[in-house]
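Letters A, B, C, D, E and F name the chains as they come in the text, with residue numbers starting at 1 for each one.
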Amino acid sequence: MQINTGDTAWMLVSAALVLFMTPGLAMFYGGMVRSKNVLATIMQSFFAMGLVSVLWALVGYTLAFGPDKAGLIGGLQYLGLNGVLRTTHSLAPTVPQSVFVAYQGMFAVITPALITGAFAERMKFKAWVLLLAGWLLIVYAPLAHWVWGGGWIGKMGALDFAGGTVVHISSAAAALACVLVIGRRRDHGTHELQPHNLTLTLLGTGILWFGWFGFNAGSAYAANGLAGSAFLATNLSAAAGMLSWTLFESWHRGKATTLGAASGAVAGLVGITPAAGYVTPLAAIAIGLIVGAACYGGILLKGRFGYDDALDVVGVHGVGGTTGAILTGVFAWKAVNAAGNNGVLHGNPALLVPQVVGVVATIAFSFGVTFVLLKVIDAVVGLRVDDEAETLGLDLSEHAETGYILGRAS
Amino acid sequence: MQINTGDTAWMLVSAALVLFMTPGLAMFYGGMVRSKNVLATIMQSFFAMGLVSVLWALVGYTLAFGPDKAGLIGGLQYLGLNGVLRTTHSLAPTVPQSVFVAYQGMFAVITPALITGAFAERMKFKAWVLLLAGWLLIVYAPLAHWVWGGGWIGKMGALDFAGGTVVHISSAAAALACVLVIGRRRDHGTHELQPHNLTLTLLGTGILWFGWFGFNAGSAYAANGLAGSAFLATNLSAAAGMLSWTLFESWHRGKATTLGAASGAVAGLVGITPAAGYVTPLAAIAIGLIVGAACYGGILLKGRFGYDDALDVVGVHGVGGTTGAILTGVFAWKAVNAAGNNGVLHGNPALLVPQVVGVVATIAFSFGVTFVLLKVIDAVVGLRVDDEAETLGLDLSEHAETGYILGRAS
Amino acid sequence: MQINTGDTAWMLVSAALVLFMTPGLAMFYGGMVRSKNVLATIMQSFFAMGLVSVLWALVGYTLAFGPDKAGLIGGLQYLGLNGVLRTTHSLAPTVPQSVFVAYQGMFAVITPALITGAFAERMKFKAWVLLLAGWLLIVYAPLAHWVWGGGWIGKMGALDFAGGTVVHISSAAAALACVLVIGRRRDHGTHELQPHNLTLTLLGTGILWFGWFGFNAGSAYAANGLAGSAFLATNLSAAAGMLSWTLFESWHRGKATTLGAASGAVAGLVGITPAAGYVTPLAAIAIGLIVGAACYGGILLKGRFGYDDALDVVGVHGVGGTTGAILTGVFAWKAVNAAGNNGVLHGNPALLVPQVVGVVATIAFSFGVTFVLLKVIDAVVGLRVDDEAETLGLDLSEHAETGYILGRAS
Amino acid sequence: MKKIEAVIKPHKLEDVKEALAGVGVQGLTAYEVKGFGRQKGHTEIYRGAEYTVDFVPKVKIEVVVEDDLAEQVEHAIVMSARTGKIGDGKVFTYDCGSAVRIRTGERGPEAL
Amino acid sequence: MKKIEAVIKPHKLEDVKEALAGVGVQGLTAYEVKGFGRQKGHTEIYRGAEYTVDFVPKVKIEVVVEDDLAEQVEHAIVMSARTGKIGDGKVFTYDCGSAVRIRTGERGPEAL
Amino acid sequence: MKKIEAVIKPHKLEDVKEALAGVGVQGLTAYEVKGFGRQKGHTEIYRGAEYTVDFVPKVKIEVVVEDDLAEQVEHAIVMSARTGKIGDGKVFTYDCGSAVRIRTGERGPEAL
C-alpha cells in the first residue's frame, strides 16, 4: 500500500505525543513523593526514555514486531532496525515503518516507567536500570508480540486497542512483584507521606491526558473515523473517570480532592485504553464511570493489605487495566469497528473468554518474570538503598542533587 | 464529501491542542493566586475537563450543532452523540464528525474555565460545579449555536473565526456578573495579593500559546492555506500583544514585567481569535498592538471601579475579545478569505454593524443569564466560602489538600 | 506543485512544536539559575517569542528566504510577508508558504534564546532586547540564507538538515562572545551557584525533546519517510546522548545525575540536528553516544578556562553542534536520503570539507558580529546590571517581580 | 533591652507590623513557623486516606526593644493579633544582653 | 519559665513531638533551619562540577515551659531525638521572662 | 554560655560562616527570615498595579558559645557581614542557661 501523508502526519504526531507522556508521568509521580525524592522519581521515568529507546532500536522492536515465531516471539529480521527505513509494517500499512517503530518505541518507554510508582522513595538507581533493561526485553517485548505482533493472545481473539494488557496490566503486575519483594518504605505507617507538590502532579495529569490522544487515537494507525472515535472515547472516559472518582470521594470523605480528580482521570484513561477503538461514546462514559469507581475501591483496599504501593500502580493501572479489558468484552461493537468484535451487550458473551485469558496470562507472566528478575538483581547489586540514604532522600544519596533551593542565601 | 486524512490529522491534533489549553490555563491562573489557593484554582479548570466533556456528549453538542431551530438552538438529533461516528458535519465536511464533536467539546471545556479567574480565592467548589453545568447548557451551547451552528448571529453576517464572542466575550461577561454578585476577596485592599508562583503562570502561558494554534488554525477545519494564514496571524498577534503591553508598562511603571509579557501575549491571542482567518499578517500585528494596549488600559481601569476581578478576566478576555471583534470588522479582507468579508479598511464599514450587534448580544445574554444563575445557586448552596475558610485557603478548606510541602521534616 | 493536506498538517504541527520549545527552553534554563533570577531568565526567552516573531514577519523572513542575492542575502520580495498567503516556497513546495514562514519563524525565535544561557544572572534586560533585535537581523537571517535560503554554504554542499550550524553553532559562538565581553558573575567562584529548581529544568527537557520532533522531522517539509527517519534518528540520538553523559558522569563522579541525564539528552538532540535526515538509526545512536561524551568533556573544560558560561551554551550547543556537523560528514548516506550525500563511512571523505568550512564560517561570522554588537550596546545602554542589582537578583531589579511566594503570611 | 517573641496567625502579620510601627518600633524580624498547640491541626485527604496534620502554619516575629517599651510592644501585639479564636498564639519576653548595628557598630538601644 | 530550644534531625520531629506530649507539653513551635557543625555537609554534582554544601537541613523546635518541667522536657527531647549518629543536634535552655496568651490575655504559666 | 543571634544580608552568609570558623566556632544554625527596618522594602508590579513589599529577605544565624568567646564572635560577625549599606542587620546577645549534645548527652561548653 502507498504511504498516505495524512496518516503519516497523524502517526508522527502520535509518536511525539506518546513520548511526551513520559515526562508527564515523571511530573505526575514526582509531585506525589516527598520533596527529597522528587528528582530520583523523575529520573526513573526519564532514564527509560534513554535506555529503552536504544534497546528498542537494537533488539526490542524486532522481538516484538519481527516475523512471528510460533506465536511467541518476533524473529530477528529487524535487528538494529535493519531495513525499516524504506518499508512499511503490515499493522500500519500507510505509514513508513520508521514511524511505526518510533511510535511503538514510545509505548515501550512509558510502560516500564509506570512501574516506578510502586517502589518510589526506596529503590537503588542501579537496580532500576537493570530491572528496566531486563523487563523490557523479557517481559514487554514478548507481551507486545503476543497481543499485537501476531502472537497467541491476539490470535485468540482478545481485543486490546491500545495496551490495556500490554501496557497497564503488565506494568501493574510487575509493580505488585516489586512491592512484595522490596517491602515498605521505612516511614510507611509512621509518618504522613504527603505529596510534596500537587501542582506538578496536576501538570503531569494534563500532559498525560494530552498525550493519551496519541496513545489511543494513534492506535488506529491512520487519520480516519476510527481515530476520531478512539479520540472521543478517550476524552469521555477520562472525563467520566474524574467525575466518578470525585463523586465517590465526596461520599466517602466529604471532599472532592484535586488528586482525586487527577487520579480519576488517569483511571478513566487507563480503563478506556483497551476499548478505545471498539466502543461508542456513551459506552466510553460508562467505562469511565465504572473504572473510576473500581480504582477508587482499589486504592482503599491497599490499606487493608498493608502493602506500600507508594503511588498506586496496582490500584490505578492494575485495577483500571483489568476492569477496562473486561469491559471491552462487554461494550465492544462491530458497528463501531468492523475489525473488532461484538461484546456481551451486543450478543456475544464469548468475547469475555479471550479477554479474561489475556488478562490472566499477562498478570501471571509479568508478575512471575518480574519476581525472578528482582531476586536476581537483589542478589547482584541489591534493590534497596540503605536506611540512612532513604532518610536523607534519594535525590542526594543516589544522584547528589537537590530538587529545590528556594532560599535567598545564594 | 470524502474524509481527507490530512485535514483529519490536523483536526485531531487541533482538538488535542485545545484540550491541552485547559491545564495550561489552570497553571496560568494557579500561579497568580496565593499559594494557599493554588490547587483550588487549578481544580476549577480541571473539573471543567471532566464535567463539560460529559455534558457536551450527552446534550451540549446537539444543542449547539444539531439542526437549527429558528436560529436559536440546535435540535436533539445528536442527543448522546447519536450517530456521530459514521458521518460528517457540514461545518467540517472532510473530517469525521467524531473529530468535530471532540474539537468543539474542547472549546466548551475551556470557555467556562476562563470565568474562574474572576472569582478566584473565594468561591465554593460546589457552587462552581453547579454554575459550570448550568452555564454550559444555558449560555454556552446556545451562543455557539447562534454564532457557528446556524443561528441568528452567524446568519446576520458577524464574523467570528474562532470564538471572540462565543468564548472570550461570553466568559468575560459571565466573569463580570460573578465579580458583582460574589463581591471582593476579604483581603482585597488590605493585603498585597501577589502571584505566588509566576513560573507556573509563564509555563501556562507557553502552553496556552502552543494550544492556541489548534484553537485558531484548527478553526479552518482543514490543513490548508487558511489554516496557515490563521496560524501565522495567531503567532503575530500574540507576539505583538506582548510587545505592546510591555512597552506601555515600561512607560507607565518603568519596568517590563514577565507577567506583563505573558498577559500581553494572551491579550494578543484573545484579540486575534475572531479575526485569525480573515486578516493579513500585518493586520494581525496591528491587532496585537492595539489589543495589548487596550487590555493594559482595561486592567488599569479595574482599580478605578474597585472591582475584584481577581485575575482580570474582564480586563483581558472582555476588553481583548471586544476589541478583537471590532477590529475584525476593520481589518477583514476577502483577499485573505473569500468566505469572509471586507471590513472598514477594505471599503465595507457596514461589517461593523453585525460585529457590534454580536458583541452586545453576547454580553447581554451571558451577563444576564449568569447573573440569574448565580442568584439561584447562592440561594441553594451559597456561592462563597465563609471567612475562616477564605483565610485558611481553599486548598485546605474545600479540598483538604496542601499545594506545596517543601520542607524536609517528613 | 499542489498543496498536500498531510504535509501541511505535519508542518502546522511542527511549527507549533518548535514554538513550544521556547517556553521549554525557558523552563530548562530557568530551573538552573538561582531563584532570584528565575523570572528574568525565563523572560529572556519569552521575549524572543514576541520581538523575533514580529521582526521576522517584517523583514527577517525576506532576508533569509527571499530571492538570493549573490549567495549572501535574500531579496526584499517578502518584506512585511508580502504575498506569502497564496503561494508556496520552493523549499516546501507542498505546503502553503504561510506555514513555511511560521515554521522558519519559530527557528528564528529559539536560536537567539539559546544564547541567553551564557550571560544568565547578570545582563540588563534592555541590553538583551537590543542584542536580540540586532543579532536576529545581522547574524541569524544571513546565516539562514547562507545555509538554507540559497546562499553560499548550502551551495557549497554542506549538509545541515535542521540547523546544526544555523541554530546551535551560531548561538554558541555568540554565547562565547557574550561570556568574554560581559564577564563572570559576581559570585562566580565564591558561591555555590546551584540550580534552584531542577524539576523545572527536567520539565523543560521533556518539552524540548517533544518539540524537537517538529524541529528535526519537520525539516523534511513533508509527512513522508524522510520525516519518519529524521524522527527516529532524533529520538535515538537524544536517548544515546543521555546514556553516554550519565555513563561518563558515573565513571568520573560516581553518580548519574538528573541534570546529567537532561544535559545528555539535549546534547544528543543538538548533535543529531544537522544529521537527522541523512543517517540511519544506528548511526543516530552512534552520534548520540559520541556527542554526549564530547559535551561532557566540553563542560569540564570550561572549568579550566575560568569562563562563566553560566548554563553551558558553548559546552552543549557549541561542542554538540560542531561535533554533530562533523559527524554528519561521517555518517551521511545517500541510501537514507538521496537528496543528501555520502559521508566518510560511505566512501566520500570529501564531504568533510564543506562541513568544516560551514562550521568555521559560522563560528567566525557569529562570534565576530556578536562581539561588535555587544561593544556597541555596552556603549549605548550598558550590558550589565550593577552589583547591587546582581546581588538582589534580576527578578526584582529588572522586572520588579518575585518568582515564588510560598509562605502563608498573605 | 528586651526581646519580644510572638507566635501569631500568619494572616495577622500585616496588622501586627502596623501596630508595632504605631508604638514606635523601627525594626522587626519575622519568619514562617509551624505551631502545635490547643488549636488542633487539620485532616488532609490523599487517595482516600486521611492524613492528620498536627502542625498549623504560624508566623513568628521577634523584636528587640528598650526595656521601657517592652510592655507597650507586648500589648500592641496582643491587641493586633487577637481574633478571639483558638490558636491566636503567644507573646514571650526575654532579656537581651547587647545589641550591635552591623553597619555602624553602634551598640545598645542606639542599635535598634 | 524556661525556653527550651532544640536543633534536631528533621526526620525526628514526629518522635520528639510525641515525647513532649508524653511529658505534658501542650504546645510548641517548630521550623526548618540549616545547620553547620561537626556533621559535615555533602557534595552535590552539577554538570561535572562538585559543589560542597556545608549546611544540612535541621528542624528547630522551641517550647516554653514552667521551670519545673524544664529538665524533663530537655530529657525527653534528648531521648527521642537521639539516633547516636553525628549531627543529632543540641538542646539549649534559656530564661523566659513572661508569657501571654494572645487570645485571652492570660499571663505566665497559665498562658502556656 | 552566650547565644549570639544575628540578622544579616542573605548574600553574606558564606562570609560570616567563614569568619566564625576563623574564631573557632564549630557549629551554628541559620535560617531565612524577613526583615522590616530602616532599609525600606521594594515595589513590585503586577498587572499595572504597584505592590509595596515592606519585608526584605534576611538570614538569621544563631550560635551558642562560651562566655569568653562571645565578644570575638560578635566582632567577627559585625566585620564579615558589613557592607556599609543600610540593612546590614544586627547582632544580639543573650544568656544561655544550658546546652546538651543530643548524641552524647554531654552538657555545657562541652556540648557546643
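The criterion applied here is as follows: a contact is a pair of C-beta atoms (placed from the backbone, for glycine too) under 8 Å apart; a residue touches a chain by one contact, two chains touch by 3 or more.
Predicted model only: the values in this text are computed from it and were never measured.
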item: Touch-network distance, subunit C to subunit E, counted in steps; value: 1
item: Numbering shared by both copies at the subunit C-subunit B contact, with half separating same from different; value: different
item: Computed distance of Cα centres, subunit B from subunit A, in Å; value: 33
item: Subunit B-subunit E separation of Cα centroids, rounded to whole Å; value: 50
item: Subunit E and subunit F: spacing of chain centres that average the CA atoms, whole Å; value: 18
item: Between subunit D and subunit A, distance of the C-alpha-averaged centres to the nearest whole Å; value: 50
item: Interface hub residues of subunit E, defined as touching at least two other chains; value: 11, 30-32, 44-46, 53, 85, 94-95
item: Residues within subunit A bordering two or more other chains; value: 4-7, 9-10, 13, 187, 191-192, 194-195, 197, 203, 207, 223, 253, 255, 257, 259, 399-402, 404, 406-408, 410
item: Touch-based graph of the chains, sorted into line, ring, star, complete or other; value: complete
item: In the complex, subunit A residues that touch subunit D; value: 192, 194-195, 249, 252-253, 255, 257, 259-260, 263, 296, 299-300, 303, 312, 315
item: Touching residues (chain side subunit D, partner subunit A) in the complex; value: 44-53
item: Residue ranges of subunit E in contact with subunit D within the complex; value: 3, 17, 26-31, 64, 94-103, 105, 111-112
item: List of subunit D residues in touch with subunit E within their complex; value: 2, 6-8, 31-38, 54-55, 58, 60, 74, 77-78, 81-95
item: Sites on subunit F touched by subunit C in the complex; value: 11, 14, 42-46, 53, 85
